[in-house]
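Below, each structure is written out as structure tokens.
Two complexes follow with chain A in common, the first pairing it with chain B and the second with chain C.
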Partner chain A sequence: MKANKRSMTLLLPALVLYLITFTAPLVVLLVLSFGRFDKSITTLGFHLDGYIKFFEPTYLRVFFDTFFISVYITFFCLILSFPVAILMRRVQPFMKNIILFCVISPLLTSIIVRNSAWMLVLGNQGIINQFADYIGLNDVLRDMGLISRFAGLPLMNNVFGVVLGTVHVYLPFMVLPIYASLSAINPSIEESARNLGASSMQLFRNITWPLSLPGVIAGCTLVFILSMGLYVTPVIMGGNKVVTIPMIITGLVRDRYNWPTASAFSVMLLITILFTVYVSRLLQRSVKV
Partner chain B sequence: MLFIVNALIFIFIFAPLVIVVIQSFTNENHMGFPPESYGVRWYAYVMTDDDWQNSFMNSLIVASIVAPLSMIIGGMAALGLDRSDFRGKQAVFSYLIAPMVLPHIVLGMALFRIGLFLDTSEGFTLNATDSLWFYVVAHTTITIPYAIITIGASLQTLDRNLEEAAQILGASYFKTIFFITIPLIKSGLIGAFIFSFIISFDEFIVTYFLATFNQTLPIQIYSTLMFQLEPSIASISTLMLALTALLTLVLMSRGQLVSFGKIIK
Partner chain C sequence: MSKLTFENVSRYYGETCAVADLNLTVSDGEFLTLLGPSGCGKTTSLRMVSGFVEPTSGRIFIGDADITNVLPEKRSIGLVFQNYALFPHMTVGENVTFGLKMAKVGKAEQETRLKEALKLVQLEGLVDRMPRELSGGQQQRVALARSLILRPNVLLLDEPFGALDKQLRDYMRAELRALQIELGITTIFVTHDQDEAMSMSDRICIMNHGHVNQIGTPEEVYRTPANKFIAEFMGQSNILPANIVGSGGKMVTIRVAGATLEIDAPSYMDSEQPEVLIRPERISLQPPKGTGAKAKVIDKQYFGSLIEYAVESQDGTTLSVTAATNNSNHEPSEGDMVMLDIDASAVFVLPQREASHRP
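Entry: the complex of A and B
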């Protein structure tokens, strides 16, 4: 019993730190979100100005843009992750480690570095456009009026660029949970299905996919949540053409010092995320028969 | 078929990084692929330029303090969670790893607010925003969850009999921790250290709120990037890639990459 108490005191440094750097800031944010911003001055109180602003058509639209971009990102991560996870399960342990290294090491690479890399590939002077110019594709498209005279293929500075850049960043967050669920499947189930004459398609639809659902749900939740809060990739890859909620929040704070509105938007973002986690829990429960 | 699809996916993952590395050795004034001539001129530039040097040093200092701090605080918390049993333990665990799922933009602006408060408060004026110590505090909060999970995973594989044996032979609680437990979870501790270092070194959005003049490397890259796509970005990116790749290899040799998988699960 005494050891138990001693061990509990080990939690103290972390809890004290969190109180100051995690809980307090969030409480401050919550309080600020009910403040009022008038002539560059913030007054506290219980006002719903910021929340009402969130539901103005302009901002609601940005919210749904952010939402759907996150859905696209999640969807494409899912499609790209499955083949990798399936391969990881099939190969020898040594190969598996190599794949694991390949999947995880980019995750430890700065987002900024990876996004600037994509600028080199997708930009107007990027590799793909240089190639398209070289083979004359861009001239043909310009003659047809499909792209403007000075631009190349529209590969970034739009939703496509943002989705692609983010998928590249968050792919590992999808691969790992799916792989974890796949590796929990008993291989003899698949073997018997095969012996009973199931085709590859049937095997995937009736065995692999349903049994991998816990991992799929976990991965989708994670990628979706992370995408909703991402700032840097939409700015770099979207080039002013894509606006997301985190960009609005950052602009309000850094350029206009409008804390109440920015805080209210943050609270709405957090509510969306908590709701996503709640839905994901319900889904997890329903697949865990 | 599966192999071809996977090959394409891995090309997707690595091609941009390879291109950055090649681009970084350009001798030209502008980005352009493939470069017309090669050289290390942009490496020389980023290594001698004051702005790049300062931001690199800032990042290095911050990450070097964050890594041990997060390892120690996170390690204590992981040990505390592993060894104690109380009501609401699961809730405490969820609370301690919450900064991982909280959008960092929200945490960043909230910490910025606290920093502004510290800057201007009467009586105990501390320069918080734009100072390295506040970056350290912020990054430590972000990295502790990773440390807790990594060290927690290695505590779970620990053979508790060894600790019991030491205690039966008369070792005190703290002696057991220092001479038995810590050496046995060394890999987990190293893992936590390296993860924290990398995450702090790469951290962007929280620092972006806090920084005005005292920039870290990711912020310096970002502001250069927004101004123009200069080859210096490719060179500095390659240096960062090399550093992370090296640290990742250390992690792999310690078998800690698997525990990163656990973080995500």
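Entry: the complex of A and C
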């Protein structure tokens, strides 16, 4: 017990750092969120102004936009990640490491660089649109009135672009937990299932998928939470057409110095995330693995 | 139920040979054990039957049907893994009926057959348990029931007792064998444990380095091993150099460990200095009288029902001797001189083919 107590002191530096950089700002945020912002003056107290504002239709809509974009991102991350994770489990270790590196590499470059690179691919003057112009596809679509006269294929400055850019970045957060879950499945379990007559589809549905659920739930939770805090990608790839809650919060602070409302919105975002974690834990517990 | 045949089956991994030219027929209802040290090719052979490893060449038959290229899920072969490989997210009942569900057997029949199968392995009442709530022995039975419920043609057991403690292992051994005889199911059992192999099998197929060294009943492989490797692998042994000192007709006189014995000359003996096998329990220690071979007890270990001695004969050979602890046996102590009493019928001249076929 004594040794344990002493080794607890190893936690001290990290604990101090967390208190200063995490807990303290959170307390400040909570206090501010109940403040009042009137004629550019912030007064502390117990006011619900910021929270009431959150439920105004304009902002509620932005919240649901953010929510659904996060759902799309999570969904596409999931369907793109599962095959990769399965492949990683099947190939030789050397090949596995190469795939792993490719999956993780987006995390090694700055998000701005990555999103700007997508602009070169998806923009009106991007590679895809130049090619579509070259083969005459865009002219056909313009004649049909499907795209405007001065634009190319609408690949960015919309939800599609934002989702694509984000999926690219968040893929590793989905692949890794799923891979971890899959590699925890003893291969003899799958061989048993086949031995008992399961076809490839039956094997996946009855064995592989249910046994990978802990990883799937963890991955989805992670990606969803990260997506709810989306800021840089919608700014770069949304072209003012896609607005998320973090963008609103930033705007409130930067342009209007409205800290109480920004704080209240932040708290609401935090609550959403905590709720997600709660649901995720319920799901994890209901999975019988 | 049907017989299983390997016809010139080989499996290579690159240049490495896992199984070389295996020819083996397991008769209908037979319990055959593939026995050998790890890496001898026994598990690869088993996996070729279950379909998870493809033979590099050769064919495998069940009855008259060639199953070499049949998918694992279409083979109708029961398979029990060492770690049981139960589905951790399913109850015992769901585990056992899994195969029936895959084959889309009706609910009512599933229920009947589930009851039957659980009764067979004495697991009634545990239908709703999860695998992690079961003991090792119970998990083993679930795995067995899960295979047997499909009424497979052949049952494959891959070291199924490896994870059990000794008492449970002995119990399950007897129980499994009784069940196998009751169902009359053709069974291949893989193990590296010679005790398991001896006590359960109709026949034992001993493999080493991918080659079959000998196939025979437990008694045959124990008494008349095909080579030194088998003699050493199957139980305790004294493998001793002998000298032929005289011959007459079908008999030869040999000297071994200071004793002179007249034995039947085996047809394959072509050396003047053959190696002979004498099992420790076939030597008895007598009080040192007369002219027999003398030896000195250098170690004595007491095991309750038997005593293991190490004795050194006058020509310097060390032999191990085991004796049952009963009142009629002479029980010398460490350091005592004794006379070796070796029955001529206990001497088996080892065939000179050194660990046959080894590449």
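One rule holds in what follows: the second predicted complex is superposed on the first by the 281 of 289 C-alpha atoms of A that agree within 3 Å, B and C clash if a C-alpha of one lies under 4 Å from a C-alpha of the other, contacts with A are read in each partner's own complex, and residues count from 1 in each chain.
What we mean here is this: contacts are C-beta pairs under 8 Å (C-beta built on N, C-alpha and C of every residue); 3 or more make two chains touch, one makes a residue touch a chain.
Owing to the predicted nature of the structure, the values given are computational and were not obtained by experimental measurement.
In the superposed model, A:Gln125 lies in contact with chain B only, and not with chain C. Of the two partner chains placed by the overlay, neither chain B nor chain C lies in contact with A:Ala264. In the overlay built on the shared chain, the residue A:Leu100 is in contact with chain B alone; chain C does not reach it. By the touch criterion defined above, A:Ser192 reaches chain C but does not reach chain B. In the superposed model, A:Leu222 makes contact with chain B only, not with chain C. More residues of chain A are touched by B (comparison of chain B with chain C). By the document's definition of touching, neither partner reaches A:Val163: not chain B, not chain C. In the superposition on chain A, A:Val242 makes contact with neither chain B nor chain C. In the superposition on chain A, no chain A position is in contact with chain B in one complex as well as with chain C in the other.
Against chain B, the residues of chain A that register as touching in their complex are 3-11, 13-15, 17-18, 20-22, 24-26, 28-29, 32, 80, 83-84, 86-87, 90, 97, 100-114, 116-121, 123, 125-127, 130, 168, 171-173, 176-177, 179-180, 218, 222, 225-226, 228-232, 236, 246, 249-250, 253-254, 259, 262-263, 266, 269-270, 273, 277.
Interface residues of chain A, counted against chain C in their complex, comprise 186, 188-189, 191-199, 202, 206-207, 210-211, 287-289.
Against chain A, in their complex, chain B makes its touches with residues 2-3, 5-6, 9-10, 12-17, 19-20, 23, 31-33, 73-74, 76-77, 79-86, 92, 95-96, 98-99, 101-107, 109-114, 117, 137-138, 140-141, 144, 148, 173, 195, 198, 201-202, 204-205, 208-209, 218, 221-222, 225, 229, 233-234, 237, 240-241, 244-245, 247-248, 252, 257-258, 260-261, 264-265. Interface residues of chain C, counted against chain A in their complex, comprise 50-52, 71-75, 77-79, 81, 83, 85-90, 98-99, 102-103, 130, 143, 146-147, 150.
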